[in-house]
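For clarity, chains are labelled A, B and C in written order, and residue numbers in each chain start from 1.
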Amino acid sequence: MARLLPAATCGTMLAALWIAFMVVPTEREMGIVQRIFYFHVSAFWAAYLGFFIVAGASARYLWTGSRAADRLAEAAAEIGILFCTVGLIMGSLWAKPIWGVWFTWDPRLTMTVILWSIYTSYIMLRAFGGEDDAVRRWAAVLGLIGVLDIPIIMVSVRLLRGIHPAVITQKEGGSGLVDPWMRIGLAVSSVAILLLAAWLIRLRAQSARLTEEVSVLRQEALARGGAA
Amino acid sequence: MADAAPPIRARGLARTFAGVPVVAGVDLTVAAGEALVLLGPNGAGKTTLLRMLALLVRPTAGELALFGTDGREAPPALRRRLGYVAHESLCYPDLSATENLAFYARLFGVDGAAARVAALLAWAGLEGTGRRPVRTFSRGMAQRLALARALLHEPDLLLLDEPWSALDPAAADALTERLVALRDAGRTIVLTTHDVARAAPLATRAAVLARGRIGWTGDGPIRDVAAVRAAYAAATGARV
Amino acid sequence: MHAALAILRKDLDIEWRTREGVSTVFVLAVMLLVVFAVAHDLPPDEAPALAPPVLWATFVLTGLLGVQRGFLLERENDCLAGLLTAPVDPASIYAGKLAANVVVLGAMQAVVVPLVGLFLHVDMVPALPGLVVVLLLGNVGFSALATLFAAVAVRTRAREVMLPLLLLPLVVPLLIGAVVATRTILADGLGAARDGLTVLAAFDVVFVVAGWLLFTYVVRD
């Protein structure tokens, strides 16, 4: 059962890569670069998934004190920011040949950068909050507040640059998913990336659990023997 | 008014901080009217244990019931029966003694606050401080203010953390006098200290806390200070 | 609720007694304004466009420091333990602290706004009622989150830097709403600013309630 996730991830990822690079026709306007779209969009799905896992696990930790929930939140935050960063970089790589700029403050991009910042502050808090066990609770509160902020951020970024040309609609290929293989490609790569994210989160959470177990064993050895 | 449930009943109380067990399993029962003295060196877990009893810190294991109520719930009514005196005075340094007591009287919902504050200030020997900020008080004055603060709402259980530390002998004697009077008036007292001689006139029972556990419990007042000192040395020096 | 009022009154008494918090906040706000105005050095006809962002950037940066103080003073003499051993719901502590912050930051706004008008050649007076609304909404929203996270930040080692780290990403939507609303109010009046004010109002409601519910987890051990 434990092997199912890695196997499924590898399988779908291979399928996604094959479809995205071999099967799908080259997009008329943007050319080969457009193929990045399949993984770029999926990466953000993973980033948002991570965020919601952080929120859910944080709520569970506050409610029940479950350390497993706390470890899951920590793992999901790290993997989430990983995918968010990768997604932003892929977006830059795509943007430069198409728009001529590496970056722009349009609504969706602004929102993603804010999300990335909130993730970062969560990780900073865990890293530099100190040794106190209370850090877990504070991080959980931050996780919940972050997720509550998302809808407000979505609404507020629409206020920005009302006059600026909406370059963004093209980005999702909203007008451009003409070939059915494009839709299939998006679906498969989304599943592949989400499975990859889930697998990485699981690995990270397990790693956290093992670290804690080692720490407990060390404490017990010190208490027993005095010399360790 | 007699309570069926004892002021304190603790079983297997434990607390870890960042993986380090500071209190490692304490069983404690304190009856009404007792004055229990917890002796122990620095790092024994006295402050943490007392803060758990004051419902400030949640135990990581074990049970605690105060006057029969589970400590985890800590309803306001329960907190009203506790008075806590910490290492620090718990009073705002920029406000005067009167203002501090008036504030806490409001928080505790004390009736006839103004009169009670004035009475307590007199009892603590602080009625002459007027508008002076607490920042300017001597350690002895701050300690008396802290005690007055804890008594504002007439708690049934008084918890004190090393009340004699950093007090000169005269101030320390004055404090002991006040505590003995409170004990004789029927309040339950639990205090921590490492000064066996100071504790002797006050204690109705003594115990030694070492490395987060109770290493020795006496069966009555401290009649023989030397004996208790020996037990203290044994419990804290030897491996528990 | 009377506990919250007692805490509010106590905090204001302390601020009044020392005047340290309020005066440092005022002076800092003015200095920030000077820096912003001088750094841009725009001619009088272009400068007014800067007024909304400069106003709110100054507010946020000064507010970060002003709010820290509220909890630093609870750390002296372990006063927070005094509050927590009292029969007081942590949510009431939050409400009292939040109210105190709103008052102090509001006082700071009262000083900053006329100075922005002066330094950036904007006539604030005709838009004043609308400005008061947006200033209040922005203040409450910022204070709601700042009060919650200041309680966290004062207990960490990296104290000075932790509060901005935690708070700044979260208040970006508030900033956006406040700047857009202020700009619209200065140009077209209160009625036209509905979008920005809606964002602010939503922010306020969500985070005052969230702070009210979550403060106990931040402050209780």
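As a working rule, a residue touches a chain if its C-beta (ideal position, glycine included) is under 8 Å from a C-beta of that chain, and two chains touch if they have at least 3 such contacts.
The structure displayed is predicted, hence computed values, not measured ones.
When every chain is reduced to the mean of its CA atoms, the largest separation from subunit A belongs to B. A comparison of the A-B and B-C interfaces places the larger number of contacting C-beta pairs at B-C. Nearest to the global CA centroid, when each chain is reduced to the mean of its CA atoms, is chain C. Mean C-alpha position of subunit A lies 31 Å from that of subunit C. For the pair subunit A and subunit B, the distance between C-alpha centroids works out to 50 Å. We define each chain's centre as the mean of its Cα atoms; on that basis subunit B and subunit C are separated by 39 Å.
In subunit B, no residue touches two or more other chains.
Those residues of subunit A in touch with two or more other chains are numbered 132. Counting partner chains per residue, subunit C has residues 221 touching two or more of them.
Across the complex, subunit C meets subunit A through its residues 145, 148-149, 152, 155-158, 162, 165-166, 168-170, 172-174, 176-177, 180, 195-196, 198-199, 202-203, 206-207, 210, 214, 217-218, 221. Those residues of subunit B lying in contact with subunit C across their complex are 51, 54-58, 76-77, 79-80, 82, 84, 86-95, 99, 103-104, 106-109, 133-134, 149. By the touch criterion stated above, subunit A contacts subunit C in their complex at residues 62, 114, 117-118, 120-121, 124-125, 128-130, 132, 134-135, 137-138, 140-142, 144-146, 148-149, 152-153, 155-157, 159-160. The residues of subunit C lying in touch with subunit B in their complex are 2-3, 6-7, 9-10, 13-14, 17-18, 73, 76-79, 81-89, 220-221. Those residues of subunit B that touch subunit A in the complex are listed here as 16-21.
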